[in-house]
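Some structures are shown below for you to check.
You will see two complexes here that share chain A, one where it goes with chain B and one where it goes with chain C.
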Partner chain A sequence: MFITFAFVTLLGALGMLLQKNVIVAGLCMVATFFGVAGLFLLLANPVAAALQIIVYSGAIMVLVLFVIMMLNSHEEEAAQTARPVQRWVSVALVAALAFGAVKLVLTSAGLKDLARSGEPMPGAMTLQKVGTTLFAEHLLGFEVAGILLLAAMVGAVALTKRDL
Partner chain B sequence: MDKLASLLHTTPAIVWMVGKVVVVFLSVFLLASVWTWVERRGSAMIQDRIGPNRALLFGRWPILGLSQLLADGIKFFFKEDLVPEAANKGLFWLAPFLAFVPALMGFAVIPVGKSFVCDGVTYHLSVLDPGNGMGLLYPLAIGGLAVYGVLLAAWSSNNKWSILGGMRASATMVSYEIGISMAVVAVFMVSGGYDPAEVIKAQGHLPWTWYVARQPLGFLVFFTCMFAETNRLPFDFAEGESEIVAGFNTEYGSMKFSLLALAEYSHLMTASALIATLYFGGWQVPFMADPPVLLSVASFLAKMLFFAWVFVWIRWTLPRFRYDQLMHLGWKILLPLSMANLVFHAWRMSQGH
Partner chain C sequence: MTGMDAILNGGLQGYLVVALLLFAIGLATVLLRRTLLMQFMGVELMLNAANVALLAFARFRGGDAQATVFYLFIIAVAACEAAIGLALVIGLYRHRGTTDSDRAAGLKQ
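And now, the complex of A and B:
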C-alpha cells in the first residue's frame, strides 16, 4: 500500500513539473495530493486525509479556474534565453535541501521511538482529538491564524471592491 | 458464509467485504439507471403526458416502459463515438470516468441498515465500517471531487459553451460547499460524533428527535445546497440548455454521454442517502427502538428513494434560476443562514452545560 501511494505521489509531482499544459499539470497536482492523503491514512490519521482532499482539491480547483479565466494559451511558454547558472544553482540547492531533510528525519527522536517495541500503539486520530488539541494546547496559534485569515479576507474584498 | 469462504480460499471477512462492495455499488448504479426512467415517467406525469411506454421487454412485455432503460443502454453502446477535432483527446476520455467514480464512491460510508451480530461477529451494513475515522468528512471530500469531471469535460471539449458550463458548475460548487459544511458541522456538534453510525444513533427512533425537527434551518440549507452540488434543476447551470446549448456535455455523445448522465443520477442517489442519514435518522424505523435488520434496510431505502423522487419532482416544478440569483442565494442567504444555525446550536449547547 505504501509503495502504491508513494508512487502516485511521486509520479503526480513529476508529471506536474514536466507537463507543458497548465491544466494537466494541475490535475497531476490533484493526484499528488491524493497520494499524500493515502499516506496520511496509512499513518492512522484519516482526519488529515479527509481534510487534505477537502482543502486542497478545493484550492486547486480555484487555481485551475484562474488558469482558464486568465490565460488564453494554456501552454507554458519556453524561456527566451538559456539560464545555465541558475539551473546548476537550483540543482545544488535542491540537493542540499533533500540531504538536510533526510538527515533530520534519520536523526529525529521519533525514529528512535519506533525501534522500541512492546508499547501500545497510539489510536487513530479522530476529529474530536483534533478539536481538543487545537483548542486546549494550541489556542493562541489557532486564534492568531484565524485573525490572519480574516485580515487576508478583508484585504481581498477591499482590494477588489473599491467602492463598497 | 464460512463454507463459501473456504471454497474461495479466503476468509469470511474478505468475502463479506467484497460482497458488500459489489452489492452496494451495483445497487446504486442500477438505481441511478432506473432513475433515468423515473425522471422521464415523472416528468410526463407532472406535465400530463404519457412518457416512454413503447419499449417492450423481449418484444413482448411493456412493463410501464421500464425496458426503455435497456433500449437506451444498447443504443448508447452502439452509437458512433465522436471526438471533436480540437479536443484534448486524453482528458476528453478521462472526464466521464472522473465524473462517475466520485459520484459512486461517496456512497461508501453510508450505513444502509442496522449492524447485526451473527455467530459472535458483528456485521456492519456500510462499505466502510464505522470507526474508520473519516466518517462524514469522506462524502464531503469525495463530493468536492465530482466537479473535476464536469470541469474537465467542459475544458477538454474545446467549445465555448462547454467552458461556460464548466465555469458555472465549478463556481457553484466552490460557493455552495461552505454552506453545506457549516450545516453539517452543526449536526456533528449536536450528535457529538461525525461517524454516520453515531449521527444515526444520536437521532433516536422518534421522528421528532430526528435532526430535521431539531435543526430545520440546517436541513433547509443542506437540502438546497444539495441541488447545487448535484447540478440539478433549479441550479443546473452546467447545462442550461436555453442558454448554453447543453453546457459541459455539448460535445459528448454515445456511451461517454451516458456515463456523464449516470454520474449525475448516482450523485443524486448519494445526495439523497446523505439527506436521509443526516436529517432523517438513516435506517431508524419510526417508533421502533430495535427494528429487525431487514426492516431497517427497507426504512433507509424508503427514505432515500423518497428524496431521490423529490429531486425529480422539484426539477419539473421549479424554473431555472438566473446565474446571478444563484450566487446571490448561495453567498448572501444560504451561507448566513447556515452560520446562524451553527451559532444558535452552539449557544444552546453552551446553555445546556
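And now, the complex of A and C:
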C-alpha cells in the first residue's frame, strides 16, 4: 500500500515538473495530492487525509485551474533568453540536495531508534482529539489564522479589482 | 523495520524519503519552469512535502494531536498564499500581458 501511494505521489510530481501543458500539469498535481492523502491515511491520520482532499484537491486546485483558464495561457511562453548554465547548475544542486538528504535519512542512528520505538501502532487520529487540542491549547493560533485568512481575502480582492 | 525494508513497507524512513523527493521535485519546478503558475504549484508541492514529514514524525512519536493542529495551521497559511499569489499573477497579467517570470524581472511599469 505504502509503495503504491508513494509512487502515485512522486509520479504525479514528476509529471507536473515535465509536462508542458499547464492544465495537464495541474491535473498531475491533483494526483500528487491524492497520493499524499493516501500516505496520511496510512499514517493513521484520516482527519489530515480528509482535509488534504478537501482543501488541496478541492479548493486550491479549483482556484489554480480557474486562473489558468482565465489567463488563457495553456503553454509555457518561449524563453526570452536561454539560460543553459543556470538551468544545469540548478538541476545539479537539487539532485545533490536530494541525494545528500536521502543518504542522511538512511544512515541516521536517531531516526532508526525512533522508527523502532514507534513500531506499535497508536490509535487513529480522531476529529475529537484534534478539536480538543486546537481549542484548548491553540486558541490564540486559531484566532490569528482566522484573521490571516480574512486579510488574505481582502488583499486578494484589493489586488484584482481594477478600481476600488 | 529499518533501511531498505522501511522504504518499501512504510517505516519512518520511507515517509521521510518520499517527503524529501517531493520537496526536491517542487524545488526543481520552481527553479526550472518560467511560468509563474507552475512555480506556484512547485511551492505548494514543497509545503505538502513538509506536511508529510511533520505527520510522519507525529505518528512515530506516539500519534500526538498537536501535529494535526499544526497541519491545520499550515494549510490555512497555504490557502492564504494561494489566494494572494494568484491575485498577484492576475495583476501581473493585466499590466504586462505575460505570466513568464523572466519577463517580469524589472520594477519599471
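Going forward, the second predicted complex is superposed on the first by the 112 of 164 C-alpha atoms of A that agree within 3 Å, B and C clash if a C-alpha of one lies under 4 Å from a C-alpha of the other, contacts with A are read in each partner's own complex, and residues count from 1 in each chain.
What we mean here is this: contacts are C-beta pairs under 8 Å (C-beta built on N, C-alpha and C of every residue); 3 or more make two chains touch, one makes a residue touch a chain.
Please read these numbers as outputs of a predicted model, since none were measured by experiment.
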item	value
First (chain B), second (chain C), both or neither touched by A:Leu43	second
A:Val130 touches, of chain B and chain C: first, second, both or neither?	second
Touched partner set for A:Ser90, first chain B, second chain C, both or neither	second
Touched partner set for A:Val62, first chain B, second chain C, both or neither	first
Partner chain in contact with A:Leu139 - chain B first, chain C second, else both or neither	neither
Which superposed partner A:Leu51 touches (first chain B, second chain C, both, neither)	both
Residues of chain A touched, compared between chain B and chain C (which is higher)	C
Which superposed partner A:Ala13 touches (first chain B, second chain C, both, neither)	second
Partner chain in contact with A:Met29 - chain B first, chain C second, else both or neither	second
Footprint overlap on chain A, comparing chain B with chain C	44-45, 47, 51, 64, 68, 124-125
Interfacial residue positions of chain C with respect to chain A in the complex	1-3, 6-18, 20-29, 31-35, 37-38, 40-42, 44-45, 48, 51-52, 55-63, 65-66, 68-69, 71-73, 75-84, 86-91, 93-94, 98-100, 102-103
Complex interface listing, chain B residues touching chain A	88, 91, 132-135, 137-138, 140-142, 144-145, 147-148, 151-152, 155, 163, 166-167, 170-171, 173-174, 177, 188, 193-194
Residues on chain A engaged by chain C in the complex (per definition of touch)	1-3, 6, 9-10, 13-14, 16-17, 22, 25-26, 29, 32-33, 36, 39-40, 42-45, 47-48, 51-52, 55-56, 59-60, 63-64, 67-68, 70-71, 73, 76-77, 79-81, 87, 90-91, 94-95, 97-98, 101-102, 105-106, 111-112, 114-119, 122-125, 129-130, 132-134, 137-138, 141, 145, 148-149, 151-153, 155-156, 159-160, 162
Complex interface listing, chain A residues touching chain B	21, 23-24, 27, 30, 44-47, 49-51, 53-54, 57-58, 61-62, 64-65, 68-69, 124-128
